[in-house]
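The structure's right below; bear with me while I get my questions together.
First chain written, first letter: the chains are A, B, C and D, and each begins at residue 1.
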Amino acid sequence: MTYTATEMMTIAAARALRNEDICFVGIGLPSAACNLARLTHAPRLTLVYESGTIETKPHVLPLSIGDGELCDTALTTVPVPEMFQYWLQGGRITVGFLGGAQVDRYGNLNSTVVGDYARPKVRLPGSGGASEIATACQRIYIVMPHGIRAFVDKLDFLTSLGHGPTGRERREVGIKTDGPTLIVTDLCTMRPDPETKEFAVVTLHPGVTAERVRENTGWPVRFHESVDVTPVPEPHELSVLRDLLQRTAQAHGVN
Amino acid sequence: MTYTATEMMTIAAARALRNEDICFVGIGLPSAACNLARLTHAPRLTLVYESGTIETKPHVLPLSIGDGELCDTALTTVPVPEMFQYWLQGGRITVGFLGGAQVDRYGNLNSTVVGDYARPKVRLPGSGGASEIATACQRIYIVMPHGIRAFVDKLDFLTSLGHGPTGRERREVGIKTDGPTLIVTDLCTMRPDPETKEFAVVTLHPGVTAERVRENTGWPVRFHESVDVTPVPEPHELSVLRDLLQRTAQAHGVN
Amino acid sequence: MAEFLALSDAISRFVKRGDCVALEGFTHLIPFAAGHEIIRQGLTDLTLIRMTPDLVYDQMIGVGCARKLVFSWGGNPGVGSLHRLRDAVEHGWPRPLEIDEHGHSAMAHAYAAGAAGMPCAIFRGYLGSDLPRVNSRIQSVVCPFTGEILAAVPALRPDVTIIHAQKADRHGNVLVSGIIGVQKEAVLAAARAIVTVEEVVDDLETAGTNAVVLPAWTVHAVAVAPGGARPSYAHGYYQRDNVFYTEWDSIARDRDRFRDWIDTEVIRGRRDAAEATRT
Amino acid sequence: MAEFLALSDAISRFVKRGDCVALEGFTHLIPFAAGHEIIRQGLTDLTLIRMTPDLVYDQMIGVGCARKLVFSWGGNPGVGSLHRLRDAVEHGWPRPLEIDEHGHSAMAHAYAAGAAGMPCAIFRGYLGSDLPRVNSRIQSVVCPFTGEILAAVPALRPDVTIIHAQKADRHGNVLVSGIIGVQKEAVLAAARAIVTVEEVVDDLETAGTNAVVLPAWTVHAVAVAPGGARPSYAHGYYQRDNVFYTEWDSIARDRDRFRDWIDTEVIRGRRDAAEATRT
């Protein structure tokens, strides 16, 4: 079966989730990945959306983080302050998904501005929940398509802490959660070095060359000593994902 | 109609409540007084109990602050942290009823210990909500039977702030609520002096002499320049109160 | 104590030029009808507070209602940018917009602190983030027991909060259900509160439950505005108009097209709105 | 993830000598059955946390389970004193009892802070009160925006919280309704949580509502204990036994009569309890 780079990215992200995980889900790719995992290998995966819906099992993907579908299919829905106080800050979330306009080699993220904060070239949406998701969840998975303007040598603004500007700040501040442990892109998957915390490529998606990753990364990107090929999407994974996206498009009347 | 001193006290307390009041109700006499007011001259009086029940209209008096009757007849029931955060501390309560084992001339209350804190002669129940009710409600009404061991020159322990040990501390700390503005006993009603904040007798219940109040007060009690007689309980007030207490005794199977 | 008013009367009575105003609703129950009435009444110099500005603030900012925005995520959910917000921040059009930017956790805590009558909220947040560098309203306190440094933000205390809810009863008690966001906190934190509702009912039917109810004495005005959350949604009444959210991207990208849309749909829509409430 | 266990197994597995234990329930849903099982298992040196110690802690303190009590109101609600608590504090019988005394507002905030993973809670409290003079665990912080001095207390973080609830579903998700007190906060603040329930049902029937539900993954053990809150009450199941609350006053006044009662009703009552769960 043929597949797109975005499908590969979504499937690679979904595979990182386990039945035992309690997942703080963002909209877009993370939501597709989490629900794909739930509909394939991790049926007991627990999904939490920052709108307050806990243990939700949406039949179609929400377009916004607070769609009615999330509430209708949730075990319970709590107020937003409670979500951030008791559930996120309370340390109950095992995996948080994040993305952004820019990421650096230590998994720090910018979703605030391109250019100077006071006179931005591009005003981005801002932190939302990200600045606290980044430090309160046990692990962070970053999902972002590769590109030279997104994978940068230096962030214009640090919205959400990864391992810090030199890879040491997270530990120095005394944060006990793991931080980013995985980056999934449309070209590869990356993991941080246990010591330096710099992300290195661990698998290349089928057909992707190391050169192509280098060209699309704004820093001299490292590769793990034995780089594998990301397992190709299974027909089952692809069909479940495509069904999900098709149901979603129909339900939303978009496209 | 004849009546008891306790009935007079309850009725005098009830009369101080208005339709517009939002009342934080304690168990016992305050609960009887508030519900009597609601069943007579102040049908729109709003009752809030610290167990989380808001706008409750109990048919019988609760024996505990969290009886099911309070929840069944409430507009809504909220968690106890929310009650103390959004409703009490949020400044939404106009009248708080308090009592205690000891009160002094400035309306400060002790409900913690008789004797030394570390080696108490009598260990009382403690603050409960009182220490914050005392400062968060717009006004405090104190309801306590008169007696030389209760109306003391000096508290063994200050649990809940009235106007402070010298009558000035409340203003000095910058507290914006009024504090105690009324004491109702089984002998009289008292109001604080606008300047010194010392409580003085403003009405004597029918048949009670000034001498009897003096004998039952542990400080040289002052009298307002024109002391009135508390209006005698109306037959209607008495019959509503007695019905309420009888219903209550029947419902609880107590006496 | 809640008064039942026409929406236009509620806005003209309780919202003043220069006020600090929060229209809340986390994706769900966004009070669009009230926002449009504010636009029609030409209110300006407002400080707008909202966790997720969404289309309603894009519209209000685009017509120049706002002097300042307090927010934590300013995007078109599931679609992309808020182009009017970006134009105001990036190019000062139609007027410069001051921003007081936070994260969601900070805003949620700050509303809760406002509801609780506190001057500030503390939480574990902004660790390693640049946001405290650019916003002096993010400070810290030290835990007296552990020495941990905790983030602190001032409580949010809007002059007016406006929310949309499913139902009010005839006393003006309000029921909110489904995704309830920070609506209760935003109402309780405000000096004045206006609630638009889908309908007025005899009984909220919440006796003995722990439903989210705002007593009439916490609300100043209730205005009946069926469909008042469109194009967002009202759980149990109508769904989110995702097509419009997507279309908004192209409407808002262009200043002229935006102004046309406001003129046609909001300003001249006044008559339609008035008729709607009459029926 | 919640496991369904017999109450005796849940207690022996999750409660250890010397633990810091909270049995919560604000007048409603007080977990008496669990408290009695702790007495039967002879657990000692416990630090007991509870806003309103009530009869269940009077009984546990009277048999000598507790080394320390963290509380805010220690009375027999509507009746008078807790005589076993008083005897322990006033005369050190059957053993001295250390106390960590707060007000309700402090305790409620401290549970909420525990649930929120915070080291402490701040609030406007204890103004002018002597309590901070006698309890070093009441401190203060200064608001960095207004300079106001606010009270601070450490978060409550029990080793084990035990609550009683109306229902669990077959996955171990728990529904609490009616007067819900601090039960949710106490469970979420604890390292381990045990919930006794009236019954197990197929469906909690809370879909789309904002009912108070504890997901199975926040609870370690669910034990079916019908009547497990008696003589307090379970909203929708049975009422408070006010006669017993009144009788307790005379039972607890006398050390011998108290010990007889414990022996007859709790220790020898073991058989009855076991039979009750079997039916």
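The rule is short, and it goes like this: a contact is a pair of C-beta atoms (placed from the backbone, for glycine too) under 8 Å apart; a residue touches a chain by one contact, two chains touch by 3 or more.
All figures in this text were calculated on a predicted structure; none of them were measured in a lab.
Asker: Using the touch definition from the top, list the chains contacting both chain B and chain D.
Answerer: Under the touch definition, chain B and chain D have C as mutual neighbours.
Asker: Tally the contacting C-beta pairs at the B-C interface and at the A-C interface, and name the larger one.
Answerer: A-C
Asker: With chain centres defined as C-alpha means, what is the inter-centre distance between chain B and chain C in Å?
Answerer: Using C-alpha averages as centres, the distance is 40 Å.
Asker: Taking the mean of the CA coordinates per chain, how far is chain A from chain B in Å?
Answerer: 57
Asker: Centroid of chain A to centroid of chain C, CA atoms only: how many Å?
Answerer: Chain A and chain C have C-alpha centres separated by 28 Å.
Asker: Which residues belonging to chain B are in contact with no fewer than two other chains?
Answerer: Touching at least two other chains: 71, 77, 79, 85, 89, 136.
Asker: Of all residues in chain D, which are in touch with two or more distinct other chains?
Answerer: Residues 112, 116-118, 123-124, 178, 180, 184-185, 208, 210-212, 235 of chain D touch two or more partner chains.
Asker: If I apply the definition of touch given earlier, which pairs of chains qualify?
Answerer: The complete list of chain pairs in contact reads A-C, A-D, B-C, B-D, C-D.
Asker: Provide the residue numbers of chain B that touch chain C in the complex, in ascending order.
Answerer: 22, 46, 54-55, 71-72, 74-79, 85-86, 89-92, 136
Asker: Which positions of chain D touch chain C when the two form their complex?
Answerer: 116-120, 122-124, 137, 139-146, 148, 150, 152, 154, 177-178, 180, 208-212, 235-236
Asker: Mind pulling up the chain B residues that touch chain D in the complex?
Answerer: Against chain D, the touching part of chain B is residues 27-28, 50-53, 62-68, 70-71, 77, 79-81, 83-85, 88-89, 108, 112, 117-118, 120-123, 125-132, 134-136, 157-161, 164, 169-170, 173, 175, 252-254.
Asker: State the interface residues of chain D toward chain A in the complex, per the touch definition above.
Answerer: 112, 115-118, 173, 184-185, 188, 206-208, 210-213, 215, 217-218
Asker: Looking at the complex, which residues from chain C come into contact with chain A?
Answerer: By the definition above, chain C touches chain A via 26-28, 51-52, 71-75, 77-79, 81-82, 85-86, 89-90, 101-105, 108-109, 111-112, 123-131, 134, 178-182, 184-185, 212, 233, 235, 239-240, 242-243, 245-246.
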